[in-house]
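Take a look at the structures listed below.
Both complexes shown next keep subunit A, but they swap its partner, so subunit B is in the first and subunit C is in the second.
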Partner chain A sequence: MKLHEQPIAKDLIAQHGLSDEEYKKIVEILGREPNLTELGMFSVMWSEHCSYKSSRVHLRKLPTTGPRVVQGPGENAGAVDIGDGLCAVFKMESHNHPSFIEPYQGAATGVGGILRDVFTMGARPIALLDSLRFGQLDKPLNRHLFKGVVAGIAGYGNCMGVPTVGGEVVFNDIYSQNPLVNAFCLGIARKDRLFKGLAAGIGNPVMYVGSKTGRDGIHGATMASDAFDEASEAKRPTVQVGDPFTEKLLLEACLELMDKDLLVGIQDMGAAGLTSSSCEMASRAGNGIDLDLTAVPRREPGMTPYELMLSESQERMLMIAKEGKEAEVLAICKKWDLDAAVVGRVTNDGILRVRDQGKVVAEIPAKALAEEGPRYERPNAPPPYQEHLQALNLDILPDVKEPTAALLSLLESPTIASKAWVYRQYDHMVRTNTLVRPGSDAAVVRIKGTNKAVAIATDCNGRYCLLNPYVGAGIAVAEAARNLVCSGALPIGLTDCLNFGNPERPDIMWQFILSIEGIKDACEAFGVPVVSGNVSFYNETNGLSIYPTPILGMVGLIEPADRAVTQWFKQAGDQIIVLGATRDDLGGTEYLRVAHHREQGSPPLLDLEAEKALQACVLALIGDGLVQSAHDCSDGGLAVTLAECCVSSPVHRLGAVVRLEPNGLRRDALLFGESQGRVVLSVKSSVVGQVLKTAEKMGVPAVTIGSVQGDRLVIDVAADRWGPGCRIDADLETLFDRWGKSLERTLEQE
Partner chain B sequence: MKAKIHVTLKQGILDPQGKAIEHALDTLGFKAASNVRVGKYMELDLAEQDKAKAEAEVKAMCEKLLANTIIEEYRFELSN
Partner chain C sequence: MNFGVIVFPGSNCDHDCIHVLSDVLGQKAIPVWHKESTLDGLDAIILPGGFSYGDYLRTGAIARFSPVMGAVKQFADEGGMVLGICNGFQILLEAGLLPGAMLRNRSLSFICRDVHVRVENAATPFTGRCRPGQVLKIPIAHADGNYYTDDVMLSQMKAAAQVVFRYCTADGQVTPEANPNGSLDHIAGVRNAAGNVLGMMPHPERSAEAVLGNDDGKLIFLSMLDALQKAKLKAVLT
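So, the complex of A and B:
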């Protein structure tokens, strides 16, 4: 048998994104030169996207274990125990590069991919969330990308009948050429029925199920690992088109096959398609796979083994069935109108052997592809501009003169403004389990057949991470947890989607390593394990990198489900209490960007002990049924938080009258500073004493600042010996108009 | 001048709509139909009388709006 037909030209190696060193290693592993198909397979599996070659040594530091962890990182998705014999299966993944090229299809296939990751585990998906980053909407390209991505998410999720219940959108010009599209999915599975990507059982049939294979996204995985330049606008590769109706059939077929106990292992054909699914399943089980491409269902004639192995056609699964059950599997797939075929067998020699028309066309040790890719401990160093970024002299910035105007301009900043324009396009009620819809701190979804609900929040402030990656990433964890706690949920697990620039640059690597450390320390403090995740590097265009953006998706448990709390005020007469301390935290705030056009300074202080005490206190108060509303204080500070409490309810608007003591703080820091570890509660006046006592007992600063009343938001700042008092006074109509309608207005300006 | 514009998916791009139609044909008994591809046909009137200029104009319309050139291709005829 002669595998290698012609020598691989040097430029072909470079075109495949492999370094000379990496190529040498391939020759060493094979004991010969690879042929073109093999080169393609190595290049996708050893790409950053599939091999995590720059990140793996650092990701190991993250805490991944805990009493609730059923499945940690390394599988299609992570799983945590939620009692009643059930577990929550979830993961978040990026689809940044494809969404920049074709926003609708890029986002749609991102949603499709994350859904498959979850139902591959045997879980029925019950909730989707999306964390998005775009450039400012004054540029037509950004509006085009934003609209396309939102439509793509809606199109796919709505067709699948899985509700999109939340997420976040942040706008900053740093994302103009590199939008971020991170899709999160959560499903529920029986704990004793979790499926894994294992090619176990020598002789078991390897089966292909789903859409036919076409020439879709060939080299998508290597594309996602390349920085964009002007030329890539032209060399656009074939874009994958999503087909949610087929995905829905695939979901039902997979769950039925699992239910009937016909499968040993299963994996989604995502990035690097047939190559990654076959070699990873074989490698995890320590086995090999003998694959015959002749049987692979195809959409086009004349496809080469190279194309078949590298195609990223969507809505496909590779399954290991139990021996002798082939006919049953095929019958069920036929019932669901899906293509299916036996395409190989599990072998005991550890080799991924690929045949086409009776000829062996590739023969590679599965482990070498899946696990023995290069690992880099890349050099890292803080960027030279870091000191300049952190230097912020507040003395040269005048304190706020017109606080009402400042509040209104913050409310209409698209990052803070209501995202109703976005989530109105999503079906967030399908399956009728959504207890808290988009628009509150966290989404809450009931788990049918139990008295429990899961709460989900995604978070990351990229600007904080730019200014101090360690603190910024820690704050992302703290804020995600705080969002969950405000909805009455106990945080139980986390997935991360780490979006960074080019890891071959020491400053980017420095940001990445510090972010990991920040996530690690915060997760350890809160006792929340990381159970799944994804890394997206090379988010840079023409040398300009995005802000480090480690987006976190955190999951919490609410029991009983009717304990869920929302962020908006409920009733006139309720008292407003602020938990947590307000400091001079103006660095990196949205206020500084909007009012002074600066993205500078040190991010707010993160005091993990104080944060833990605060969150325990909020949970205890909600547990005792004392809380009417709870809202995390974040972007835009206390004033924006209060305004949102007044106008973010889908059913009513309520005013408030508040008086704040500055205690020596600048007025802008008091009103708009983003001190962490704060929550705004509203409680019935009869329980104020009890609430304050509980807070004191738990060591959490608490102060009653006013009450829910009238049809205006009035915030009086008292005079002190450092300055005169000031007042914010706005009617609810104006507040709502600026906060609730600005996104729509911006998008209609064309 | 009238422009007749055809916009179709590029070769090799998955066409879920075509797939659905093919499936429906099949269930109606039209077993011989395969590789169904769906596209768009548009007509529009142009004020421009110069053929070369009109061609450039329609091309610009296709590139900017009528076709998503990342996944679609277009062709058109002009007639008086």
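So, the complex of A and C:
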């Protein structure tokens, strides 16, 4: 048998995104030149997207263990113990590049992929969240991308019957040519019934289930490992098309197959399709797989082994069934109208052997493909522009003159404004578990059959990460945890989706490494393990990189479920308390961008010890039933937080009268600065003393600033020797109009 | 009572209906696969929401050919209670068990939020627990809920009190602003002429527990239970 008919041309190697060094290594592994099919298989498996070649050495630093961890990174998704014999299975993944090329399908298939990652583990998905980044909406292209992505997420998630319960959307022109679409999914599985991607048991049948294989998405993984330029438009055919109906059938069929105990292992055919699923399952089990392409269901005749192995057609699974159970598996697939076929056997020689029409067309050690790809410790160096970015001379910026107008313009900044236009298009209630709907600090979803609920939040401020990647990434962890705690949840696990530019650039690598350090230190401080994740490099177009954007999805546990707290004021007469200290933190704020068109300075100080004390205090107060509402103070500072407390409730609007002592701070820093470690509480007046005492005991600064009352938000800033007093005064209608309706107005103007 | 919840490929509110009937109301509720051909032993049938056959072609257009629909039609013809919610309503329209058709929402996009509906006919087996004109808060979640029929049919339906729910404001005013999807005459739910088949776009199973924000939707299921118990009692007595 001759596997290589002609030597591979040099430009073909380059077209496959492989370096000369990498090609040499392939020849070394095979002991011969690869053929075209094999070259394609190596190309996708050794791409940045699949091999994590630039990130792996650094990802190892993240804390991934803990008493609750049932499954850490390396599987389809991570899992943490939530008691009652159950675990929460979750992961977040990017679909940035496809979403830029074709927003609807790119986003839809992103949702489809993350759902499969979760249900292959044996978990029924119960919640989706999406973290999105776009350029500002004054540009038609950005509106097109935003609308298309939201419609794609809705189209897929709604049809699947999995509620999309939250996430975030941030707008900044740096994402104009490279939007981010990160999809998060959480499912619930029995702890003793977690499924893994293992090709175990020599002789067991390898089965293909789901959509037929077509020519779509070939080299999607390689595309996602490259930067964009004008020619990217021509890559449209590599974006896959989603079919949520088939995925719904696949979900139900998989859960039924697992329930009937017919499977040994299972893996989604995601990026790099049949190649990745087969070699990864074989490699994890230390086995081989003998694959016969003749039996693979296909959409069109004449497909070559190269195309079949590299296709990224959606809604497909590769399963290892128990020997002798083939007929039962086929019968269940037939019930759900799904294509299914036995396409191979597990072997003991560690080789992924691919046959087509009786001929061996590829023969590669599975481990070499899946795990022995190149690893790079790429050079890193702080960018020359870093000093300029951090230099912020506040003395040349006048303090705020018209604080009411400043508040209103912040409220209608699309990053801060209500995202109701977005989540109204998502079915966020199906499965009837959504205790806290989108629009509060975290989404809260109950676990039926238990007394528990999970809270979920996603967070990352890319601007902070640009200005100081270490601090910015740490703040992302702290803020995600704070959002959960404000909902009454104890943080128990984390998934990360690390979006960066081109790792071959030392400045990008510098951002990446510092971000990992920031996440690591913050996770260790909070005792929250990272159980799954994804890295997306090459987020740049025409040489312009996105801000470093390590998005975190954090999961917390609420017990009992009815303890969940929301962010909005509940009742007139309640007292408003600010926990945590306000400092001169104007660097990197949304206020600075909106009012002074600057994205500069150092991000707010992150004091991990103070943050821990604050979060413990909020949890204790909620646990004692003392808290009416709790809202994390972040984008837009104290004034925006208070305004949101007044108008973000879905059922009522309540005013507030507040007086702030400046304590030597600039007015703008006091009102709009983004000091971390702060939470705005409202509590019944009868318990104010108790709340302040608890805070004092736990070492958390706490001050009563006013009360919930009337139909206006009034914030008085007292005069001190640094300056005169000032006042924010706006009626609730105006506040709601600017915060609640501006996004809709922007989008529906055309 | 024994409830059957039909499961079409792509149904996704089947679990939610079964949860409310069994866990909240303590009834027996079983999934009925769409390839079944009989509904023996069942007291009432629910066609749940979702995306049967992916909503491909047109909502409900393929599901109406499922084998079970013959049995559903027979069940209805014999006076059995059939409730179609959202996609279930769309399937009943396509199957001709209810009059009218669904168009795309006026906004052309999917809408998921709480709406208010006014009970226009409280003398049906699905609304017996409601007062005439009572306002219920129940969520909608659909892209095709823009109800349409021709003038002749509409006047017939009005004459026969077949319009059971209309979209309204929180205080019961039927206004264009309170109509979320452009539905003709603000219609949110209709019954058949005989009165034993109801289709509604809002999801009562999503608002049947106080922990989810409100439990107005429970009234629909409690009304059905009342009617079934009354019918059973009558059957025993005669």
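What we mean here is this: the second predicted complex is superposed on the first by the 747 of 750 C-alpha atoms of A that agree within 3 Å, B and C clash if a C-alpha of one lies under 4 Å from a C-alpha of the other, contacts with A are read in each partner's own complex, and residues count from 1 in each chain.
One rule holds for everything that comes next: contacts are C-beta pairs under 8 Å (C-beta built on N, C-alpha and C of every residue); 3 or more make two chains touch, one makes a residue touch a chain.
The structure displayed is predicted, hence computed values, not measured ones.
In the superposition on chain A, A:His652 makes contact with neither subunit B nor subunit C. Taking subunit A as the reference, the larger set of touched residues comes from C, when subunit B and subunit C are compared.
In the superposed pair of complexes, A:His428 makes contact with subunit C only, with no contact to subunit B. In the superposition on chain A, A:Gln105 makes contact with subunit B only, while subunit C stays out of contact range. When the shared chain is aligned, no partner comes close enough to touch A:Arg727: not subunit B, not subunit C. In the superposition on chain A, A:Lys10 makes contact with neither subunit B nor subunit C.
Looking at the shared chain after the overlay, A:Gly161 reaches subunit C, while subunit B stays out of its contact range. Residue contacts after overlaying the shared chain place A:Lys359 against neither subunit B nor subunit C. Of the two partner chains placed around the shared chain by superposition, subunit B is the only one that A:Gln240 touches, whereas subunit C remains out of contact.
Legend: residue contacts after superposition of the two complexes on their common chain; A:His144 is shown touching neither subunit B nor subunit C.
Touched by subunit B in one complex and by subunit C in the other are residues 243, 245-246, 337 of subunit A.
Subunit A contributes residues 151, 154-155, 158-161, 243-246, 248-249, 336-337, 423-432, 434-435, 446, 448, 561-562, 650 to its touches with subunit C in the complex. Of all residues in subunit A, only 101-102, 105, 211, 214-216, 236, 238-243, 245-246, 299-300, 313-314, 337 touch subunit B in the complex they form.
Subunit B contributes residues 10, 12-16, 19-20, 23, 68, 70-71 to its touches with subunit A in the complex. On the side of subunit C, the complex with subunit A involves touching residues 9-10, 12-13, 15-16, 19-20, 23, 49-51, 53-56, 109-114, 139, 141, 143, 203, 205-206, 208-209, 211-212.
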